[in-house]
């Protein structure tokens, strides 16, 4: 298509809104290189997300739209870049493994920037911090002190996620320290948190570690489980980029890192957190 | 050789048999007396095999009844009790098939002993002894350890006869026992059948087109035509002077 | 009817054929001249079919060579060029099989026209016209639109003859063309074959045991025995006074 | 007691068999429904979400149709190669069949989806004589990767079906075509394959039905939302509402319905092919020999 | 040019076919190795981790063996029920076969693993006459659930194999047993099944080989570390070291090796059964008819 005509039609809609929302120049309006340039030229930022995790990300079956905290964050990032947003929904494992082969540009999917993952992905500064909690059966009174009562117990987690690493005591993120209070847990890995929770309800597990939002959702759905004690740790969640990307994603990473900083600074993230979680999770506890 | 009613081993009364809409047997009555040999013959498709198979309930009669050794049964749904009655009736009937139907997964000896053993007909040694006697009688004592596949057709058929005899039946049914055999092998089977009649006085119903055998061994012959017995009588009469054109035509073709 | 070398349509020279370690044809030499009918006969397993199948390279000769219409080929690996040479040779040879081998997925007409059409033997109308003439000649003009499965064996074999003729071959090979037919149907096929020779002067090699046909139509007969031609000669001589005991024994069995 | 039972048996004998087995099915459904409701299944949720899940049927069918189309092509080539005496064709086909029958479909899917792109990228980087966009050919989207994996996998299995089908055509047919001077391609196209088809089509129908179910595995790669097939949709809404079980039940019912439907069509097709214009050579041979055996008796 | 080519063809004709296809396989392996190394595959990693991954073979085999054992039992019962004229047995078997053939294995696994426990729990809560520990029966561990799902699923497919096997035994065999006054069980145990076995065993071997690959799906249920089969192990170490591709290649090689090995044994078994003491009735019949046709010629 001709460059002139397309920019002409896009100006009042996409571009206009973006400037309006931020009251600022978009990133794409300035000098760009590498992947960032490619995205600006295409006018679309492709974001991967797993729309099965309300309130971070979920699919509204009626409208076919995504909604949730992560969705809003990603949409805002795209706006400030000056492009539209498009979605991909690969399996979690495929995202965390890196080597996206350009199928999508970034992940805004509540991913923790563990040191392992940093080998293959770039991470921005965290855009929020989700509490990880212990869930047990509602009528289970045996777990009171998390630092002793869960030792050696059978605990379910989604396989390959930070909760599993936490139990295995190999969760390391530069700049953060974790208190691995649970010793010798028998770890059971599941395809997703929900399956683990289900299995807890089925009685195969003594406990599950998951995010507070997932746990609360499961409780609200009427299942006989409860959250025990305080969160065992807070996991920082960042926007990620493929290090093996060609052209390099470094330019995009730096631009988005700056955008996240701006969103922290101007209160956008806090507003979104309050809207979706009912509390402010944007600062480290 | 006609006897009183107490002598009747097989009594077929008003037998009809249909497969779906095709009526194959259209009313057959026949008594076979103890020690009697009845030869059944007739065109292909005239219902000979079907009548024979009704006698031991491999086919269920559509109408009419079968009586063997005092057990009288009709057709109809096979309830549990009916199945047991049929099984009891079958213990009185031995059958020899055109295709031998020996059990290929057993030795010749096992073929002969398996049914008596299952039915508990005597001790193990008795059964084995009887099986050996029978194999001796059909001239195959030396083949006891072989598998059927290694025998000729004639030998297989003789084993099949021994197998049926091992159950000590009151009547033996033969359905074209020699027609799957090469011509040079039919003699050995027919001669065994002949000794069954002459030496053991076995009651027999034989479907065959071996008219030599019929003439020599049969007490009575029954000519089947389109699902009915068109005529019957001693072989001497029936073969020499058949009453019906159909019988005559058929006999001319066979002889 | 012996002619000069230029008259030779098929020349088989020093033909040997083995299947694995079994030598089936052990040195056969045979010339068939233009217009000549050669009848081949002999015991089952004597190699008649194998020789015929070597002539059009359905089997590859192990040794020796085949010459048809000036194309001379031996056995050996089928390279691309060799395959093409074989195909050229086959265009000069028509073959009729014991099992007819009509194509059941085509109508009778398509069976006859498909090969000429693929080989580009004339325009579409020419091919269709020739096919109709041929079907007429074998007496089946009215069956052109039928599928082979609806024809009797005799009719199928006549279609097979028409199909082979449609390629306008220099020689026709017949491998027991009537032995899969019920006796009452052989006559119609043999009479078609006879007119091929008498009216069209077709060169033919025929494996058959129909001695009546041989006597009437053959110019020469060849008796096969254990992979060799034991003796050959005009039917009158060979049938009346065979030189070898084997030939005599065989002829006695057939006649 | 045993008398009553016999009378029941006799009375029941008058009811047609089909009706009785039908009643058994209904009883089984009722029993499963009872078990389900005992398990606290949320039937309302199934009702509410069935529409959304069923919306993925289109993509399930696309994937299965694409897969079977590719599989048929692969199977045909594979079968011809396996039959041929050309060592290269034969060797490649043998390797293909062995690999794709020897490894799990799910592994093949992951390999195609994940391992292929770096191959393309690295090759493109290494050899610049490769055409522009070479690397992109290796970058399959989920549905394409799924279709290709299904097609290659089933193609390997179906190679044997096609080979058997081709070899079921009587040898005489090929010989007759050879004798008429047809080329290999003419023989195959006009004589052998049309006849083989009647043997090949029924089992190919079975493979298609099996493949419909294996499309579920594509979702382990993660499909884009617009093209999610039924299994992925069920997983998504199930996880979303914490109703996995209901979601699995719903999707199981959908697959079952699909299978029953297509099995019905396939059975009809099979019957139609069965009474086609031509009865197979085997049948004819058997009949012929039977006729002869009968004829061996008095005529 | 075409002359040279022909000379090459002729020269090559002297090399045995097996050696040539073998060479093609080697060339293909080399080619794939080249592609892999172009793609930057870390072969060293595969070597280092193969030992660990292969350690799961034990559990892969346990699962497959348990699955096939259950499948054989189900298939036997299913086939006998499908053949019988008892409407209840026939209906239940029909339902079983239809459901387990009609839905994806992965759905069945999830249902067995996740949906069964609440059923047991709720039933136990509702009816206190149920025995102590009733609910626990429904609480299957992963491997058990996997084995049961595999067994039920394959059992449904194998029901058809067993049925065909039983029906392949000539009708005359059953009639002979009946005529000798055997009961149904005696007939089946001593006469029909021993003969059916020879037809059933080879395809059952194929099913076992297929099942070995489907054990990979068990890992989607979530396994404990002690009993991880090869696929799960590969996923785990692959993810850990960010070497997914290498992990999938490694596990594919393992499955392939397993399959090739068992296919070899299976082919041997088949050959042994083939030359057993008894040639099948079909073959004998065909031979008989052939003999007669030959005999119809001059004797």
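Brief remarks follow.
We call the chains A, B, C, D and E, going by the order they appear; numbering starts again at 1 in every chain.
Everything below uses one rule, namely that a residue touches a chain if its C-beta (ideal position, glycine included) is under 8 Å from a C-beta of that chain, and two chains touch if they have at least 3 such contacts.
A quick map from chain label to UniProt name: B, C = ABC-type polar-amino-acid transporter; D, E = Amino acid ABC transporter permease.
Only a predicted model underlies this, so the values are computations on that prediction, with no experimental measurement involved.
If you take subunit A and subunit B together, the chains in touch with both are D, E. Each chain gets a centre from the mean of its Cα atoms; the one farthest from the centre of subunit B is A.
Among the remaining chains, the Cα-based centre furthest from that of subunit E is the centre of C.
Between A-E and B-D, more C-beta contact pairs are found at A-E.
Between the CA-based centres of subunit A and subunit C the separation comes to 81 Å, rounded to the whole angstrom. In this assembly, the C-alpha centroid of subunit D lies 17 Å from the C-alpha centroid of subunit E.
Taking the mean of the C-alpha atoms as each chain's centre, subunit B and subunit E sit 45 Å apart. Separation between the centroids of subunit B and subunit C, computed from CA atoms only, is 50 Å. Looking at subunit A, residues 97, 99, 195, 198 sit in touch with two or more other chains. Chain contacts: subunit D has residues 114, 118, 220, 244-245, 293, 296 touching two or more partner chains. Chain contacts: subunit C has no residue touching two or more partner chains. Taken together, the chains touch in the following pairs: A-D, A-E, B-D, B-E, C-D, C-E, D-E. On the side of subunit E, the complex with subunit C involves touching residues 2, 5-6, 9-10, 13, 293-294, 296-299. Per the touch definition, subunit C reaches subunit E in the complex via residues 43-44, 76-77, 79-81, 176, 179-180, 209, 250, 253-254.
Those residues of subunit A that touch subunit D in the complex are listed here as 51-54, 58-59, 61, 64, 66, 87-91, 94, 97, 99, 101-103, 192, 194-195, 197-198, 217-218, 221, 223, 246.
Within the complex formed with subunit C, the subunit D residues making contact are 170, 172-173, 175-183, 186, 190-191, 194-195, 277-279. Interface of subunit C with subunit D (complex): residues 56, 58, 87-88, 90-91, 93-95, 97, 99, 101-106, 114-115, 118-119, 147-149, 163-164, 167.
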